[in-house]
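Quick heads-up: structures coming right below.
After this come two complexes, each holding subunit A, first together with subunit B and then together with subunit C.
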Partner chain A sequence: MHIPDGIISTTAAIGGYAAAGGMTWLSLYKIKQKYGNPRNGIPRAALLTAAFFAASLIHIPIPPVSVHLVFSGLLGVVLGWFAFPAVLVGLLLQAVMFQHGGLTTLGVNACLMGLPALMAHRLFCLRSLFGRRKPLPNAILAFLAAFSAVAAGAIMAALLLIYATPAYFDAAAEKTAVLTLSFAHLPVALLEGTFTAMVVLFLLRVQPTLLEADQK
Partner chain B sequence: MINGAAVGSAESGSLFGRWETRLKLPGLIILVFSFSLVQDLRLLPLLLLSSMIIYRLSALPFTCLVSRVRLPGFFLLAMAVILPFWSGQTILWQFGPLALRLEGCISLLLITVKFIAIFMVVVALFATTPLPLLTRTMRALGIPWLLTDLLLFSYRYIFQLSSDLRRTHTAAHLRGFKGISLISLKTMANVTGSLLVRSHQQAERVFQAMTLRGYGNGDQALPEFRPVVADYLLLAAAVLLSAAIVLAQIFI
Partner chain C sequence: MQSKFRSLSSTCLVGFAVAVCLIILPADVALAHGAELQYIERSAIEITARYDSGVPMANAQVAVFAPGSPAEPWLTGTCDSEGQFFFTPDPEIPGLWEVQVRLAGHGDLIRIEVAENTIGATGTTGFTSLQKLLMALSVIWGLIGTALYFSRRQR
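Up next, the complex of A and B:
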């Protein structure tokens, strides 16, 4: 969900920047703690950022509409604490090159996709309890991580659009809108979960070191 | 799919293209935030007029604006369907269960004009500033190096990934791949995984080569800061306009 400029209130936009600034600071702090030299993690993070950028341009038909993948779950799974800065940079690139999203809403959009990505990372870390190289727990956790990342992002976006836009909905309409927007994202969340689980299974077979973000 | 020339295409010719980026970036960011603050309908003509003047000063063609409005425009279209019929209590016109509401129409007008005004300024900013220059300016303005390096590397990998994706797509088609669909999800996942593995290996090799050539040992060269009087005048105009909009919003 890329919220464009002019839709939400300035308070929400500034609040989004403050929250994104805080999360970026925390992510950079954690990255510096985990990596001896944080520069070593940049190629992987940049690559996934580019993939995140490109994913929003590829549409998959789910009749009667078509949807695009978000990759926030996959970002969390592969990048760990690098996921939040990667989302921020990816969104900035999308805003600069295509005006997809917005400049005043960059902070809000980064929180809507970056926080779920970090949540996906924490969820995927649970695989250490079930066996790090076992395919089934990896696939299930990858599915849950990506599914919940999209679902959380959609619910946060729905709440934000209802409470931070200059619109006047009654309580019943608000509830309906949140439910409608959340359920509209259900097929995307299922698709994203399945796709991420498949990619994780592939990486587990071919290059499992790409899934070791929690081990650095 | 991705056109790098779209960024910074007009950087050299126009007044905006020549505006010192270290002053242009904060000046226009302050301006768009003041635009987003507006809630008074009487200020909307001022927003539109000032954004049109700014876009004119950037000397960008109108087609540049149209080509970029498609993606954010979808979002606005969705708002146009929802707001007038569901937001508010005062009914202007009713046809069966469908009721056009005054508050929703006002909200839509406010959102649309603010969106157009900010959109024009943002296009003028980014289309006259090449991304590498924008990145170095952000570094000069105090953004952490990890973010600016990540931005530059990502910008580079977008083109590599795009080229790899095109090659893989051609190869898959030659092997009978019918195109993107739900049925081919597993094939797409495998293609994505192999692209990630291959690109990651290449990215690591490039990174090691860069490290051997001195990347990371010492600060990156920042762009020269040589503003002229016109740069400061443009910044002052942007700040004064922002202040006028904020004050008008508070006191009128």
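Up next, the complex of A and C:
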């Protein structure tokens, strides 16, 4: 899901930066509007950025490919509007430290993981329809939110990669490889869904206020 | 008697001619199938493409760019199942060669300096596991530090 430098066209990279810039502005605006003093939300955001940063280093071998955890759904569920800036910072650190992703594709990657995170947040907000403190709806929505965040990210990345294969590479072979990789994200989505549901159940029991990203 | 001698000598002559032909002809025929082998010692470059988890990028697509033409690949090919790819850069084009490896949107670009006589140069785009661990830990500690800083009680 992390697109490295030199894989997509310059136009796509610039478009990604524009979209990510707009989304960051919107997120910061919403944070200011909702929380007033953003300092209160920063410790949580920083810790989940650390989790997001470390998650990409945990590889899960699913032959014939190797995929890694993303945690975009978890970030969305717990952080709300803080998720997009958190993803952006996490991706910047991954790109600078490990060449995982790239600086020119930072905008595109931020959209590929940040937008599903915000979508997961909206999905998790539906819990107000079922009772905010009831464990079962919370767990189910958390699972669905994280599952769909990984799936949406994988689908968006696949479409972008198939669309943006340079002419000198064999497009058909690359398409097959991209599709194989996308399907390999299915177990990751299931795993992250389960993990996020467990985190939500745990937080619901010990510190429910941490899940109130949609309130305040 | 004389005619007998003549016929004997002519038989000998014919026999000799046939023998010469038998010796020469196969040599001629063999020469027509002759192979000529030449060799020039050149340095080839072996690319090994792995994910940073260590799994080889099997059947990854490779594009090799000669110095001075970053848009048109000089050579394209495919890694084997071990993620390996061999190519011999043209020694007539010294400079910075670029090799791009791509598989399902994953990939990297490595730059290889090709001088007139390069033998045994090695290079890599990655870090060792220990370096990675230290870098990851320092980043995580930075983020935890940020969290601690902002969560301290405000006066």
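Heads up, the rule we're going with is that the second predicted complex is superposed on the first by the 191 of 216 C-alpha atoms of A that agree within 3 Å, B and C clash if a C-alpha of one lies under 4 Å from a C-alpha of the other, contacts with A are read in each partner's own complex, and residues count from 1 in each chain.
As a convention for this text, a residue touches a chain if its C-beta (ideal position, glycine included) is under 8 Å from a C-beta of that chain, and two chains touch if they have at least 3 such contacts.
The structure presented is a predicted model; accordingly, all values stated were derived computationally and were not measured.
Asker: If you stack the two complexes on chain A, which partner ends up touching A:A157: first (subunit B), second (subunit C), both, or neither?
Answerer: After superposition on chain A, A:A157 lies in contact with subunit C alone.
Asker: According to the stated criteria, A:V178 is in contact with first (subunit B), second (subunit C), both, or neither; which is it?
Answerer: A:V178 contacts subunit C only, not subunit B.
Asker: Identify which of subunit B and subunit C touches the larger number of residues of subunit A.
Answerer: B
Asker: Considering only touches as defined above, state whether A:P43 meets subunit B (first), subunit C (second), both or neither.
Answerer: both
Asker: Just checking: does A:P137 make contact with subunit B only, subunit C only, both, or neither of them? Give me first, second, both or neither.
Answerer: Touch status of A:P137: no partner.
Asker: For A:G15, is the partner it touches subunit B (first), subunit C (second), both, or none of the two (neither)?
Answerer: A:G15 contacts neither subunit B nor subunit C.
Asker: So, does A:F53 touch the first partner subunit B, the second partner subunit C, both, or neither?
Answerer: After superposing on A, A:F53 lies in contact with both subunit B and subunit C.
Asker: Can A:F202 be said to touch subunit B (first), subunit C (second), both, or neither?
Answerer: A:F202 sits against subunit B, while subunit C stays out of touch.
Asker: By the touch definition at the top of the document, which applies to A:G101: first (subunit B), second (subunit C), both, or neither?
Answerer: The first partner, subunit B, only.
Asker: Would you mind listing the overlap between the subunit B footprint and the subunit C footprint on subunit A?
Answerer: On subunit A, the overlap between the subunit B and subunit C contacts is residues 3-7, 39, 42-44, 46-47, 49-50, 53-54, 57, 59, 61, 93, 97-100, 166, 168-170, 173, 177.
Asker: State the interface residues of subunit C toward subunit A in the complex, per the touch definition above.
Answerer: 51-53, 55, 58-59, 61, 63, 72-73, 76, 78, 100, 102-109, 125, 127, 132, 135-136, 139-140, 143-144, 146-148, 150-151, 154
Asker: Quick check: in the complex, which residue numbers of subunit A touch subunit B?
Answerer: So the residues of subunit A touching subunit B come out as 2-7, 9-10, 13-14, 24, 28, 31, 37-40, 42-51, 53-54, 57-62, 78, 85-86, 88-90, 92-93, 95-104, 165-170, 173, 177, 191, 194-195, 198-199, 202-203, 206-207, 210.
Asker: Which subunit A residues qualify as touching subunit C in the complex?
Answerer: It comes out as residues 3-7, 39, 42-44, 46-47, 49-50, 53-54, 57, 59, 61, 64-66, 68, 93, 97-100, 157-158, 161, 166, 168-170, 173-174, 177-178, 180-181.
Asker: In the complex, go through subunit B and note every residue touching subunit A.
Answerer: Its residues touching subunit A are 1-2, 6-7, 29, 32-33, 35-37, 39, 68-69, 71-72, 75-76, 79, 82-83, 86-89, 103-104, 107, 110-119, 122-123, 125-126, 131, 134, 144, 146-147, 149-151, 153-158, 160-162, 165, 180-182, 185-186, 188-190, 192-197, 199-200, 203-204, 206-207, 211, 215-216.
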